[in-house]
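Heads up, the next two complexes both have chain A, just with different partners, chain B and then chain C.
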Partner chain A sequence: MTQPIDESIYTAVTVAIQAEAQRILSEGLVTAVVGYASARRKGSTQPIVITDAALAEKLIFTPACVNNLAVYLTKAKKEIPKTGRIGIVVKGCDLKALVGLMGESQLKREDLYLIGVPCIGVLGSIIQPDTAFTSDSIAPKCRECDAHLPLGCDFVPSQQPITPELEKKYAAEIDRLEAMTPAERWAYWKEQFSKCIKCYACRQVCPFCFCEQCLCDRNKPQMVETTPRPAGNFAWHIVRAMHLTGRCAGCAECERACPMDIPLNLLNRKMAKELKDLYEYEAGFEVNAKGPLTMFTEKDDQSFIK
Partner chain B sequence: MHTEKPKNSFEPKIIAFVCTWCTYAGADLAGTSRMQYPSNVRVLKFPCTGRIDPVFILKAFQQGADGVLVSGCHPGDCHYIAGNFHARRRFAAFRKLLEFIGVDLNRLQFSWVSAAEGGKWVEVVTDLTERVRSMGPMVEFKELAMEEQWSGTIDTPELKEAYNQI
Partner chain C sequence: MKTYISEQNLNTLLDTLIAEGKRVVAPRMNAGTPLYEPLASADELVTDQLPKRSGKEAFFPLCEDIMSYEKEGQKVSITDIDPARFPETVLVGVRSCDAAAIPVLDAVFSWDYKDEFFLERRKKTTVVGLACTMADDACFCTAVGLSPAETRGSDLFLTPVEGGGYSCETCSEKGEALVKSYTALFAEACSSKALPLAEPQTEKIDLQKVKGWLDNHFEDPAWDSIATRCVGCGACAFVCPVCHCFDIVDEGTEKSGKRRKNWDACGFWKFTHHASGHNPRDQQPKRYRNRIMHKFKYYDDKFGETLCTGCGRCIRLCPVGIDIAGIVEEISKK
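Our next item is the complex of A and B:
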């Protein structure tokens, strides 16, 4: 049943973000603020970098603010962090990505001024940015979000996010796939991966895919076929999921950016679930110098090893 | 001397990724001790199990392996102190991923074989070979490699006509 979600909290959040951005820019605390601004289409938003306090009123927050802005600090606009301390608007899931990047020494906490957003969720797709925000149009990641209120930010508007309980789609889908036989799962993924056109949008949009040269672009040796043939697609998606294991913050940007609607985040969620079972690791708000796959304990499970 | 083998019977291809300090030496011991084990196994020597990237396993399957064995030093015996501990976590995660994608995990074996365990090497290799032999060839990845076309099914009349005109 479709039920509308009350998004009125975002009006107050927008005002608070604008005031805070205006303050920190005019006081010289930061040299730039990365946030969201409205775009040309009605209801749509786009990321924006503001360096002038007078422009702070451009900043907004709405359910259409889907992007994970952390990506602007690692690769898309690598020159931004070099200009000085940066203010950045973060949702809970984006903050988890930033925390992961800090753990991997890609960013320093003292170089950032975090403006947290009390978040009740964003839209699943912004192809129609003007869609009403309901229990149907909400992003699947927000249905099972445990980070509505980001922790450890420099500034968080005082509004409290009140979220309705929704059915957990990823968890249900993972359970459905796990109940299948290997052959059925193979058939499922074969159909999904055969849609892939190797546009690498999932890689471009991922804050953790920051390698200067991706393994999948190398041809000496060529470990992964670059052409969008079924064999190469399988290899790419397996390698992508493996390289994000224990790092992925679950922002689901890969899935949103995918033009062929491949359920990429399903793989990431599954691996996150496994790592929680195996090593009690979960992406969170605490900076860890070592991820679950870069550390070990002597008591790790080895029941699968003969 | 040699028993007559039926023609075209399936002989599994097994790729073994082994560490040079323990399992390779263990396999060497099995050889010098004149122990018999299936010749289906192709041994690839690595400095350490920590050097074995999951993508190697993937590549092995894509290139036609029916089974893959990864073997190294027992925990605590690593020549590089902790390489096998890291490998253990990595492969624990990787096999879960492969399982979720739909690969039968019976084709993938991990083991610890020390330099003194020639007998265990024989046992591990024989077990895996016989298991894979009973399962038949690994067709999934080979079928993928045979498919030349990009996904898109030619299902509309316009596309069919355009395709026929090529």
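Our next item is the complex of A and C:
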């Protein structure tokens, strides 16, 4: 049954974000604030970079504030000058990406001013942004979120996020896929990947896809077929899943951005589950210089050495 | 001439065409996503959802082989793809904004260089358009001079009528030929009233004013404020019915392989990346500027119209909420 979700705290959260952005910009604590602003279509939002304190009143927070803004702080986004300290509005899931980027020496904590959002969740899709916020339209990642209140920020509005208990969709879907035979699973992904057009929206929105030249764009030599055909599509998705294992903490931006509705975060969640089972590791909670796939310990499974 | 076809007869028509070996491309569901794809049977036809990609791929596929090579010892043999073998096609259920895109593409693919792959498919395709009964706030066909009842690009145009079925308007010789060949399936005249058509809410945009501003503002701070947020994917170009850039790649091994043509997008960093390492569009706002310039200035300079039919797809699907209708509307007020 569809239940409405009470999003009223976001009104107060918006006011608090505006005031804090106004303050840190006018006091010169930061050179810019990356946040969300409303756009033309009813209910729609866009990422915005503000450098002028007078424009802080443009900032908002609503269930349509889906983007993981961490992507704008990576070296892939050259347009945003990385001079001085930068303010950024973050949900708990976005913060996990920033934590990962710090671990990978891409960002320094002291260069960031984190404005955390007490978050009850966001929409799963903003194709129609004027959608009521309910137990149906909430993003699947928010149904299993363990970071409604981002920890360790410089500022968090005082509102308390109260969230309804909802069924965990990824967990249920992973169970369903794990119960399949390899042939059935192959058929499932083959059908999904057949829709992939290699638009790379999934890569471009991902905070961890900051490689200056993606392996999948190389043509001398060509590492992966660049054409959107079965072989190249499978290769791309395997490279993507593997390269994000132990790094991705599940912002689900790839899945949301995919114009072809491919359930990309399902692959990420499955990989995260494997890492938890094998190495008791979860990405995004602490700044770690090394993840399980980039280090060796004696506890690691060595049964494959025969 | 106006005739009528019932839903059941339309299905019979499509099944007959499929049985005759024609390729019938129409909106169908693929793993939960509506796309224009070849139908296996008429039951697959979906008319109540706008496909996520446009109808252009009936002529300009996402990816196609254009030749193959084989090397044995010192001997290299090259085999061309023979466009004469492309199948006769009927493209059905094409929304006005997608059908109107077809003549826009014709102009590009038959301009200085005649693209035989596009043109041969085009020649062999009959386009059955569909009047549009549902718009959302991303639709703006009326703002760029088209409408949900636009017949441009269609050979036969269907308008849903009260009580079911469609009134059919023949718009070309191809459309007439289709009706003539299956005349038993069409009723002579259509007495029922058309269903109410969609009413996109975006106000008409003064495209000449937009072009006038673009003519003089290649350099302007507005590009940064519009497009710093652009993440440089290909979503907007790939879902667009009129974007037409492609890349050519050789794939295979030293012994054998294929030369392939596949969609490309000016939003990609590598689109203008030179072999020297230099990239004249080194930042995202410069790439996004090209998108707007090409659509509302360069294409107009060459062909006298706009490279956008207002389908709204790029607005719905841009991951960072970039809204071309809003941008162009604002430019028209500058």
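Here is the rule we go by: the second predicted complex is superposed on the first by the 296 of 306 C-alpha atoms of A that agree within 3 Å, B and C clash if a C-alpha of one lies under 4 Å from a C-alpha of the other, contacts with A are read in each partner's own complex, and residues count from 1 in each chain.
One rule holds in what follows: contacts are C-beta pairs under 8 Å (C-beta built on N, C-alpha and C of every residue); 3 or more make two chains touch, one makes a residue touch a chain.
Just so it is clear, the structure is predicted and the values come from calculations on it, not from any experiment.
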Following superposition onto chain A, is the placement of chain B relative to chain C best described as a clash or a fit?
clash
Contacts for A:305 in the overlay, against chain B (first) and chain C (second): which applies, first, second, both or neither?
first
Which partner does A:197 contact after superposing on A: first (chain B), second (chain C), both, neither?
both
Touching A:179 in the superposition: chain B (first), chain C (second), both, neither?
neither
Just chain B (first), just chain C (second), both, or neither: which does A:279 touch?
first
Touching A:228, do we find chain B (first), chain C (second), both, or neither?
both
Which partner chains sit in contact with A:261 here, chain B, chain C, both or neither? Use first/second/both/neither.
second
Of the two partner chains, chain B (first) and chain C (second), which one does A:294 touch, if any: first, second, both, or neither?
first
Could you say whether A:1 touches chain B, chain C, both of them, or neither, answering first, second, both or neither?
neither
Selected from 19-27, 73-81, 235-243 or 253-261: the stretch of chain C that, after superposition, runs into chain B:
19-27
Chain A residues where the chain B and chain C footprints coincide 194-195, 197, 228-229
Residues of chain B that touch chain A when the two form their complex
53-55, 58-59, 62, 75-76, 82, 85-86, 88-104, 109-112, 124, 127, 140-141, 144-145, 147-151
Residue positions on chain A within touch of chain C in the complex are 39-42, 44-49, 67, 71-72, 77-80, 126-130, 191-192, 194-195, 197-201, 203-205, 217, 219, 222, 225-229, 232, 253, 256-257, 259-261
Of all residues in chain C, which touch chain A in the complex?
30-33, 35, 52-53, 62-63, 136-138, 224, 228-229, 231-235, 237-239, 247, 249, 251, 260, 262-263, 265, 268, 270, 282-285, 315-317, 319-323, 325-326, 329
Enumerate the contact residues on chain A facing chain B in the complex.
177-178, 182-190, 194-197, 215, 223-224, 228-231, 234-235, 238-239, 241-242, 245-246, 267, 270-271, 274-275, 278-279, 292-296, 298, 300-302, 304-306
